[in-house]
Amino acid sequence: MSTEKKNLLEVRNLTVHYETDEGIVEAVNNVSFDIAPGEILGVVGETGAGKTTIALSIMGLLPKPPAHVISGSIKLDGEEFLPSLPEPEGPFDFAKKGPWKAEQKKLELRFREIRGKKVSMMFQDPMTALNPVLYVGDQIAEVIKIHENISAAEAEKRAGDMLEVVGIPRERYKEYPHQFSGGMKQRVVIAIALACHPDLIIADEPTTALDVTIQAQVLQLLRNLQKEYGTAIMLITHDFGVVAEICDRCMVIYAGEKVESGNLEHIFDKNMHPYTRGMFESLPNLEEDTDRLKPIKGLMPNPMDLPSYCSFAERCDVCEEICKSRNPELIEVEPGHEVACILVTEKLAAQNNAKEVK
Amino acid sequence: MSKITTPAMVKLSKKIEKNANVTSNTPGREALKRLRKNKTAMAGLIIILIMFIVAILAPVIAPYTYTEQDYTATMQGPSAAHIFGTDNLGRDLFSRCVYGTRYSLPIGIICTVIGLLCGGALGLCAAYFGGKVDMVIMRIIDVIQAIPSILLCIALVAILGNGMWQLIVAIAAGSIEGMTKNVRAAVFMVRSNEYVNSSKSIGVSDANIMVRHLLPNAVGMIVINAVGAVSGAILSISSLSYIGVGLVAPTPEWGAILSEGKTYMSVAPHMVLFPGLMIAITVVAFNLFGNGLRDALDPRLK
Amino acid sequence: MLRYILKRILYMIPVMFGVIVVVFLMKMITPGDPVDHLLPANASVEQKEAMRDKLGLNDPIIKQFGDYVIGVVTRGDLGTSYATKQSVAGEIFGRLPKTVFIAVWAIFISQIFATPLGILAAVKQNSLVDSIIVVFTMVGASLPNFWLALMLIRWFAVDLKVLPSMYNGTAASWILPIITVSFQSIAMTTRGVRTNMLEVIRQDYIKTARAKGQKESIVVFNHAFRNTLIPVVAGIGSGLAGMIGGSLIVETVFAVPGVGKYVADAVTARNYPSLQGGIIVLALIGTVINMIVDIMYTVVDPRLKTTLLAPSSRKNKTKVAKEGA
Amino acid sequence: MALIEIKNLKKYYTTPRGLLHAVDDVTLDIEKGKTLGVVGESGCGKSTLGKTLIRMEDSTSGSIKFNGKEITGMSQREFKPVRTQMQMIFQDPYASLDPRMSVSQLIAEPIQTYHLAKDKKELDDMVGALMDEVGLARRLVNSYPHELDGGRRQRIGIARALSLNPEFIVCDEPVSALDVSIQAQILNLLMDLQAEKNLTYMFITHDMSVVKHISDDICVMYLGQVVEKANYQELFINPMHPYAQALLSAIPVPSIHSKKERIILKGEITSPIDPKPCCRFAARCPYATDQCRETEPELKPVTGNPSHFVKCHRAEELAAAQ
């Protein structure tokens, strides 16, 4: 991993739970990762893997309640954004409540300063991400007005510029979202995200709702703008194709845990975690004919009832006795390539032992 | 990766163990479970049940008959002998209010059921057949809707004359418009679901789709609205009585009791207060229950 | 836009025609002979027969219906009051301003209170404030308005003696009727605003606004509230229409000489022409209000505005087609 | 003889803005035991085509022959026996199952509709056999859809479609709502069932890799029309229509070694309301000429390959130039 200081975003041991009527959903468990400036990190996982929860934690937009950040640290440019004080236990814990509330308030104020300015977020569905009763132009101007001390006219002019940057003529400033097609709306969403030249954009499945040809347009635009502005992107997706297209690095999330991460070569060609492998094998191949797909058997475990050992053990083809004995730890198999699999750990340890014996 | 153990999680794992052998719950049973957990809904239901018991046991509960007059004790305030006080003829208000449950409650429910049957049939036809049938029915409903429902009820009672069945006809007729619209909307919502298409693609007949898919899925929404309609009907009944149509004095209907009492309000406010409270409590109970039902049947809104 | 308004006005015609048909049918089944009410009790059989001819009661029903419709539509002829032997239309229109006055004020007051209360409850969902507001709306919507009116009279007129108990033409005597009507309306509107606000606050575009770093208060008012305006407008419409129906009761309690009291008096006196005339006039008002509400929708909801303005939407489409990457 | 023969099929809807040409003049054959993949972007009419085919929507004009029999003019009674032969699997397994029915009720519904079981016992046996066939554990027989995941729900949908022993199944995006690992399970199941029962599929999807995997022939639709139809390999190796070329080049490939040239199209799919009589792709086509903007090309076989159809004035000219 690159030197700690250079990182734009550092997430350490993030654990987030949702408290629901049915029980506690362990959405994110002990996830750590970094994003360097100007880097595109792909976050891949299936529905319910906890990708969006990670994104919302970074933005400070988790719905509380029911969400609770149990532990961890989120540092943006070295500044800590998770509260240091523990949550009060119940409404009558007055001793903890006062300072906790004060800290929450301070954090919220700080979050408001960075949201849209330093980190912006694109939500999954462009159809619903724009306010239906406001002009699209004004929705872009809004973020500029919040963060930059300029006149309304100036902000509107800048918003018009942004429209042109994403390939929409500025005459359409005074139109409503419903007058735009899906791809155009996503362009507006990109314009909002980029308007204040943030250091990091969190894009939550930005192209999932779009058709293939439109997806290609939007990805191209996103990549071009990313290069031009030097913005880092955390791209959440379930599609390895999209990752291959634009990402520099990739991390795979399974049942709220990070199972593998590395650069594209590590993930696509030298992947070691059985889940990552299984994902690739279950994809229909475009380049060559395959008679049968190799699906991963079974289902993702209920996030309310995760096992005390490797969450993937029940679905794993190569699972051994030892896999059900403990939780795997994330180890670095080669520089920048991390895997959380007990078998990989064991194999590596055996190799090292052999070396030592020699 | 270490596991974090919190007290809540321990509680949860116990819960999971408890539920381990519960294999399946029908959506209806799950809704019922949610309903039972809903405190306000249960409070509403309990009040309604108490009202029913009072209605059935009225002769036992009421210390006097509702016609018994005591000229030595007219317009007395609440006391141990007359906990709600007495009216201008010396009748015991508590007894009259107790007997009042025998009017508002059953009539309100009967009117709603009649309105639901008529309106439900119309709404179901409109929603299912669509096209011209829908248009004709909805135009008729538009006309009825144009006349404020309380006015329609009053006009009908004025023409039909005072009395129990006339009142029922009038209130039921006044509720048809709302019922038709509700049932139509509910069925429309269900009809747009893909599973209706799925059954059509199999070749299931229209009647079967209506009975097996549309009604069971729409029934929740219809019931919620019907419960709300009962409280509306109870308010209408008492409003009519108050104006002096429908059930009139000396019937111990709450609105009628109140109407009798209003003349003496400056000297004997209890003659207005208690019957009004009875109406309010009953209506609140139905509204509470209706809201709870909504939460239980439609968890999305919570 | 103009075409839409015109269409909406034209649409009122069949509805009002239907109302007239309903009222005519009521007239047909109404018990009693109208002639008895219009002539002195000692009138001779010939006099009655002449009156009947004059009123067209001997004509075939179809002709009676035709004459009735023509009378209502062309001359605003709603018949003659049994009680005063005056034109019903004239009497009603003389009383209309009072009813409308109460309703408009009540709407105004209820919006002023209900909107902030509803928003507050939704923003602080499940808090103590929310619970109090919810309980208030529940109880407020359940109180019979005549009872509430009597209680208000008792407190303000009898006990405190600060306001007149009955309408007497002074400004002070308007206060209690308006409070009574608005109270229920506040409860119902608050509930509506809260439900809609909760719905809107869950939407993605609210998350987007928050992700911009916008202040929560601006998120609530600029983004969320503007989207709840659509149902709020609908609430105003149905509320006003409902109030005009409810005016019957409140005007009776406070003896306000409005249309509501006129109709209520007609009911107790079995003065059918006045009752039927009242139905037609009140239905007309309700229909007009609904029309205005439908038109207002297009103002608050840009989605409706553009679909209704067909030419401009076509223009947009060509722009989309021209659009390049 | 093909199992399904579609000739000049049209399905128009009247909308306030004009006539929507959802399916416009489609001519197709589907051979028995084969899979025809239908691909296109949202709004291209592929779902409407599927629904019109099994008469969930009545066609505006044109002919559909099933086993040589014309079915468009049939009365409901005549059509009833045919309907059992043509079934459909729906896109969203969350919406296409009645939430108030248990698994057994859902699977039994078609059997009961056609009175195929003599008694309760036989019905239960048939339901159990179907559950085995689609890989649903029998212990789930009394479960409700809300308790099951997407993959299992889609298995119920498949069991429903299979219960009448159809010859032909329209699969309308059956895997697009599922995660990749589950998607592979369902695709395998569909292919196994086809091999076992000699089923004929029409597989509607927007996912090019899925359609390539499962189809024998593929047709590409654009604004209600078939613009290209060919064997799956032929289409992927040698796409002739500029739209098909763009569509194929736009697929993100999950590999870091694929270095293909992307064709990024201008603009977006327009709506098929009152289209002009010209090539519908002309507005976005990088090769469009005046001819393309004035006259509509025909869907005709490519010279030298009678099974490869393309609807483009310039296809062969462009292919030769490359």
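Chains here go by letter, A, B, C and D, matching the order in which they are written, and residues are numbered from 1 within each.
The criterion applied here is as follows: contacts are C-beta pairs under 8 Å (C-beta built on N, C-alpha and C of every residue); 3 or more make two chains touch, one makes a residue touch a chain.
Just so you know, these numbers come straight off a predicted model, no measurement behind them.
The minimal number of chain-to-chain contact steps leading from chain B to chain D is 1.
Touch-path distance (fewest steps) from chain B to chain C is 1. Note on chain placement: the centre of chain A and the centre of chain B lie 49 Å apart, centres being C-alpha means.
Centre-to-centre spacing of chain A and chain C amounts to 52 Å, using the average Cα coordinate of each chain. Centre to centre, using the average C-alpha position, chain A and chain D are separated by 34 Å.
The set of chain C residues that touch two or more partner chains comprises 313, 320, 323-325.
Counting only residues that touch two or more partner chains, chain D has 264-265, 268. In chain A, the positions touching at least two other chains are 181, 184, 217, 220.
Here chain A touches chain D in the complex through residues 46-47, 181-184, 211-217, 219-220, 238-245, 264-265, 268-269, 278-280, 282-287, 289-290, 292-297, 299, going by the rule given at the top. Residues 23-28, 193-195, 197-205, 208, 212-213, 216-217 of chain B are the ones that touch chain D when the two sit in their complex. Within the complex, the chain B residues that touch chain C are 139-140, 142-144, 146-152, 154-155, 157-159, 161, 231, 235, 238-239, 242-245, 255, 258, 262, 265-266, 269, 272-273, 275-276, 279-280, 283-284, 287-288, 291, 301.
In the complex of the two chains, the chain D residues touching chain B come out as 54, 56, 80, 83-84, 87-88, 90-92, 95-100, 102, 109-110, 113-114, 139, 142-144, 146-147, 157, 160, 164. Per the touch definition, chain C reaches chain A in the complex via residues 203-205, 207-215, 222-223, 226-227, 229, 300-303, 306, 313, 316, 319-320, 323-325.
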